[in-house]
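Two complexes come next, and they have one chain in common, subunit A, joined by subunit B in the first and subunit C in the second.
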Partner chain A sequence: MEKLLQIENLNVSFNTYGGEVKAVRGVSFSVKKGEAVAIVGESGCGKSVTAKSIMKLLTAPPAEYKEGKILFHGQDLLPLPENEMKKIRGNKISMIFQDPMSSLNPTSRIGDQLIEGLVKHNRMSRAIALQHAVQLLERVGIPHAKSRLKHYPHEFSGGMRQRVMIAIALACDPELIIADEPTTALDVTIQAQVLTLMKKLQKETNTSIILITHDLGVVAEVCDKVIVMYAGEVVESGSVEEIFSNPTHPYTKGLMKSIPRLDMDRSSRLYSIVGSPPDLLDPPKGCSFYPRCEYAMKVCKDYHPELELVSGTQQSSCWLHHPMAQAAAAKVREDH
Partner chain B sequence: MSVQEADQPLIQIKNLKKYYKVSGRELKAVNDINLDIYKGETIGLVGESGCGKSTAGKTIIRMHEATAGEVLFNGEDIFKLKGRALNKFKKDMQIIFQDPYSSLNPRMTVEEIVGEPLDLHHIVKGKARRDRIVELLELVGLKSEHFSRYPHEFSGGQRQRIGIARALALNPKFIVCDEPISALDVSIQAQVVNLLKDLQDKMGLTYLFIAHDLSMVKYISDRILVMYLGNMVELTDSDSLYNDPLHPYTQALLSSVPIPDPTIKRERIVLEGEVPSPIDPPSGCVFRTRCNRAMELCASSVPEWREVKQGHFTACHLYNNA
Partner chain C sequence: MLKFIVKRILWALVTIWAIISITFIIMHSIPGDPFAREGSMPEAVYQNLRSFYNLDEPLYVQYGLYLKQIAQFDFGPSLKSNTLTVNDYIANGFPVSLQLGAQALILAVCLGLILGVIAAVNRNKWPDYFAMVLAIIGISVPSFILATFLINFLAVEWRLFPVATWQTMKHTVLPTISLAMLPMAYIARLMRSSMLEVLNQDYMITAKSKGLNKGFILIKYGLRNAILPVVTVLGIITANLVTGSFIVEHIFGVPGIGELFVKGIFNRDYPVILGSTIFYSIILIFLILIVDIAYTWIDPRIKVTGESK
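What follows is the complex of A and B.
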């Protein structure tokens, strides 16, 4: 399959009064055509910053793209001037935000917000664009689409607003949709509706999706590939099957174990990863997960592990994979 | 403690109603809740946004005035309490809020936040007050050095711990946990839930745990009440609710939870449409407009709340003859 998007060694920092916050540190991954890739990790791990970098939506300053490449169809987006970027944004790559309440313009009718991209990018006339907008709303399952065009965002419920967001994202038939926690603000029943819709639309249009989420249940249902981020870095990546059946990084293992499951034993204690993520003003020299890791060794403190292939398409950055750490790695396998 | 061991319930909720006037019409946010809560028990309260679960929780502890009904706390009707008796009662009931970012005053230090209930109720002063605050901080897993810091210096999980310390300050008997973990990361959620469970064991607390995350509710609760559009839908112990859900709404709710295992493919009951407006609820059974098993009867008559199996209550016409 063709590589649609390729990110190479992306480094993004924020310059604050406290110093330079290294939010994204050496992130590399790729997205193929028609693939759904999940980026998972805790708040502050850099997943949203990575996503916004692809669209170049970060305000610079304080944000600064320090290093790396974001190749879209082989073309690096980072050096592109703003007017070139505008041709891509909402047209080739579009974004669905977490909070449909605050990401739609409250003072503008849904119809106008839907056709903005069509008029701008496809040079459609207003009338034709509005006809197109009706089809879009129907596609995302909004009843009475034609009369709904005249409504304002506040006249829609949360789930319906998220559908409108999806319709806006789909308007120009993008090749890549970045969905930043698209169902986090929704109820489970509505989340199920939205996920089913997203899966269906992806199949129909063969669009690639980057799904940012912290809900591993959602990942398992929707995605093909998973990228696990921690403290601004990719610590593990692989296919959904690989990551869920055999997580190899202690952080991924911890995440998997802390997912609340319906079949949990009520008498046992919940597993939680002790401590909290490191301060990115001064990230640890060695492995960034070292202070919270159950299996930390001496080497982890001072030397940074690199991502390496562990099996199939699965990559993981952990010293336990080193040939010299076999005894420790055997103990980890015993524990799980 | 199991439900059977305790004889008299700590809290008896009888026909609790909370209506709001919205543009001259009645919005039935909480419509006829009946529930006994026993000492040391955790009751889970689940339902979609706007089903009235938070309103119910807040009305039970008299943060909102009820429209009708009674809440008996140790046999005493709390809606009739006044003055000193009311103040005394307020010490016994506390609440932990959903959003640890907006429920702590950003201009107050941890000392002021946790100490406020102590001051308001004139519990302790001076060094004893300081000692008590430090004790509370340690109880929730914070350190004495956090004493004079401000909320913005803490992470979400730590802030929630401050909120818990504040709720514990007066040695309450009953705590309403209003979605205390919804705003937290998965790994941090587990820390807070473990803390709540430890505190319950240590202090014999009784919880009303409001949430929409069904897996966490199942883990922490002894019994679970499902609400829909202000009405009670199903009530039973946590295991029966998950293994044998009776009401079609509970079944759909459970089947909506994404399973974190890519190898499991299942037929999901996806509820069509959205929750109807509570100002203009459907006739008969309020769930019938989204129910995949709705019958003619459901439009005309309100299903009765009945015990279908031992300790397993539901309001659905499907179980009329059971």
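What follows is the complex of A and C.
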């Protein structure tokens, strides 16, 4: 399959009064046509920054794209001028945001917000664009689509608003949709509806999706490939089957163990990874997960592990995979 | 909507009645009376004058008479003028003050909004500093100093505009600028802070992610959402501007109604004080009603209803 998007060694920093916060450090991954890729990790691990970098949505300054390439159809987006970026945004790549309550313009009608992209990118007249908008709303399952166009965002429920956001993202038939925690702000029941909808639309249109989430349940539901990020780096990646059946990085293992299960003993406490992510003003020299890792070795403190192929398509950056760490690795296997 | 307006007008009547009563009480509790200062007046003349204007009646009778008069939209005679009534004063002066105020309002709103938006978009860069220095000057320099400067440079030194009086459009330029500076500065600062807040909203990123043009985003997403606080103060600013400024009108010799109230107090001219207070209140209440209606079409989340609370 063709590689639609390829990110190579992306480094993004924020220049703050306190110094340079290295939010994304050497991230590389690729998205194929029609593929759904999940980026998972806890808050502040650089998921959203990576996602927003793809469309260059970060305000620069303070953000700075230090190095790397974002190849979309083989063309590097990072050096592209704003005028060219505008033709890609909303047209070839579109984005769905976390909070549907705040990401729609409260003083503008839904219809207007739906057609803005169409009028801009496809040079449609308002009337034709509005007809198109009705179809879009019907596709995302909003009843009485035609009369709903005249409504304002506050007249919709949270789930409905997120459907509107999805409709806006779909408007110009983009090749890639970036969904930044699209279900986090929704009720659990609505989450499932929105996910099912996204999955269905993705199958219909063969659009690629980058789904950013910290909910592993969502990942298993929707995605083909998983990228686990920690402290601005990719620590493990692979297909959904690989990651879920055989997580190899201790951080991924920790994430898996933290998922609450129905068959869990009620008296036992839910597992959580002790500690908090490192300060990205001054990232650690060695493995960034070292201070929180149950299996940390001496080497982890001073030497940074590289992302290496573990099996199949699965890559992981951990010293435990090193031939010299056999004994420690055996102990890890015992624990699981 | 209609129910809302009717209800608001009824409330306005109650408010105006309260304002009349309070002003009436305060005014009469100040010692002295309109004719007391003219000491050389014979006692008989003084008593005659007092009884002519009903000043010798008990206060509650005067109050009743006054309310009756007001109900007929008659603000009464001026105690200091033999020929002019308060209605005449307002009819003569208000059109002038209204024109001057309207011009100043347009100038203040346009410049204030532009400066505020430019400052917010270029936060902590030189356009921001420039706009905010201008705003601080506008707020801290009193209009009489500004007016004097304008007269000295633009009128006396460079002879661009006439020094004073009220004749052609050219005569209106300097008083308009003097009057507009303070509200302009105020609007600019308000717009800046409100715009900064809006620029950080999620929907601004949504707009950017759609590939829309920056100018379009700024107006449709930015301005419309940020303008509400400005509209809120606009009612009061407008009322202040169109009812005339004592200082600016005095300096430029503008025959408006700015002086009316101040002179009225000096002279204990009861009908003039009451008349101008009520006139000002009516304008203010009317403008606040307009502002409330304007809210609903600027921000669809705000709904006006006739029901209470």
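What we mean here is this: the second predicted complex is superposed on the first by the 336 of 336 C-alpha atoms of A that agree within 3 Å, B and C clash if a C-alpha of one lies under 4 Å from a C-alpha of the other, contacts with A are read in each partner's own complex, and residues count from 1 in each chain.
We take it that contacts are C-beta pairs under 8 Å (C-beta built on N, C-alpha and C of every residue); 3 or more make two chains touch, one makes a residue touch a chain.
Source: prediction; values computed, not measured.
Colleague: With the two structures overlaid on subunit A, would subunit B and subunit C clash, or do they fit side by side?
Modeller: Fit: subunit B and subunit C sit side by side once superposed on subunit A.
Colleague: Please indicate which partner A:28 is in contact with in the superposed arrangement: first for subunit B, second for subunit C, both, or neither.
Modeller: neither
Colleague: Once both structures sit on top of one another, what is the angle subunit B-subunit A-subunit C taken between CA centres, to the nearest 10 degrees?
Modeller: About 70 degrees between subunit B and subunit C, seen from subunit A.
Colleague: Counting touched residues of subunit A, say whether subunit B or subunit C comes out ahead.
Modeller: Comparing touch counts on subunit A for subunit B and subunit C gives B.
Colleague: I'd like to know which partner A:55 touches here: subunit B for first, subunit C for second, both or neither.
Modeller: second
Colleague: With the two structures laid over each other on chain A, which partner does A:105 touch: subunit B (first), subunit C (second), both, or neither?
Modeller: In the superposition, A:105 touches subunit C alone.
Colleague: Tell me the contact category for A:168 with respect to subunit B and subunit C: first, second, both or neither.
Modeller: second
Colleague: Tell me the contact category for A:94 with respect to subunit B and subunit C: first, second, both or neither.
Modeller: After superposition on chain A, A:94 lies in contact with subunit C alone.
Colleague: Of the two partner chains, subunit B (first) and subunit C (second), which one does A:205 touch, if any: first, second, both, or neither?
Modeller: neither
Colleague: By the touch definition at the top of the document, which applies to A:43: first (subunit B), second (subunit C), both, or neither?
Modeller: first
Colleague: In the superposition described above, what is the shortest C-alpha distance between subunit B and subunit C in Å? Please give a whole number.
Modeller: Shortest inter-chain C-alpha distance (subunit B to subunit C): 7 Å.
Colleague: By the touch definition above, which subunit A residues appear in both interfaces, subunit B in one complex and subunit C in the other?
Modeller: Touching subunit B in the first complex and subunit C in the second, no residue of subunit A appears in both lists.
Colleague: Taking the touch rule as given, give the residues of subunit B at its contact with subunit A in the complex, in rising order.
Modeller: Those residues of subunit B that touch subunit A are 48-49, 155-158, 185-191, 193-194, 197, 212-216, 218-219, 238-239, 242, 252-263, 268, 270-271, 274-275.
Colleague: Where on subunit C does subunit A make contact in their complex?
Modeller: Its residues touching subunit A are 201-203, 205-213, 220-221, 224-225, 298-301.
Colleague: For the complex, which residues does subunit A have touching subunit C?
Modeller: 52, 55, 57, 85-91, 94-95, 97-99, 102-108, 116-117, 120-121, 152, 154, 165, 168
Colleague: Taking the touch rule as given, give the residues of subunit A at its contact with subunit B in the complex, in rising order.
Modeller: 42-43, 157-160, 187-193, 195-196, 214-221, 240-241, 244-245, 254-256, 258-262, 264, 266, 269-274, 276
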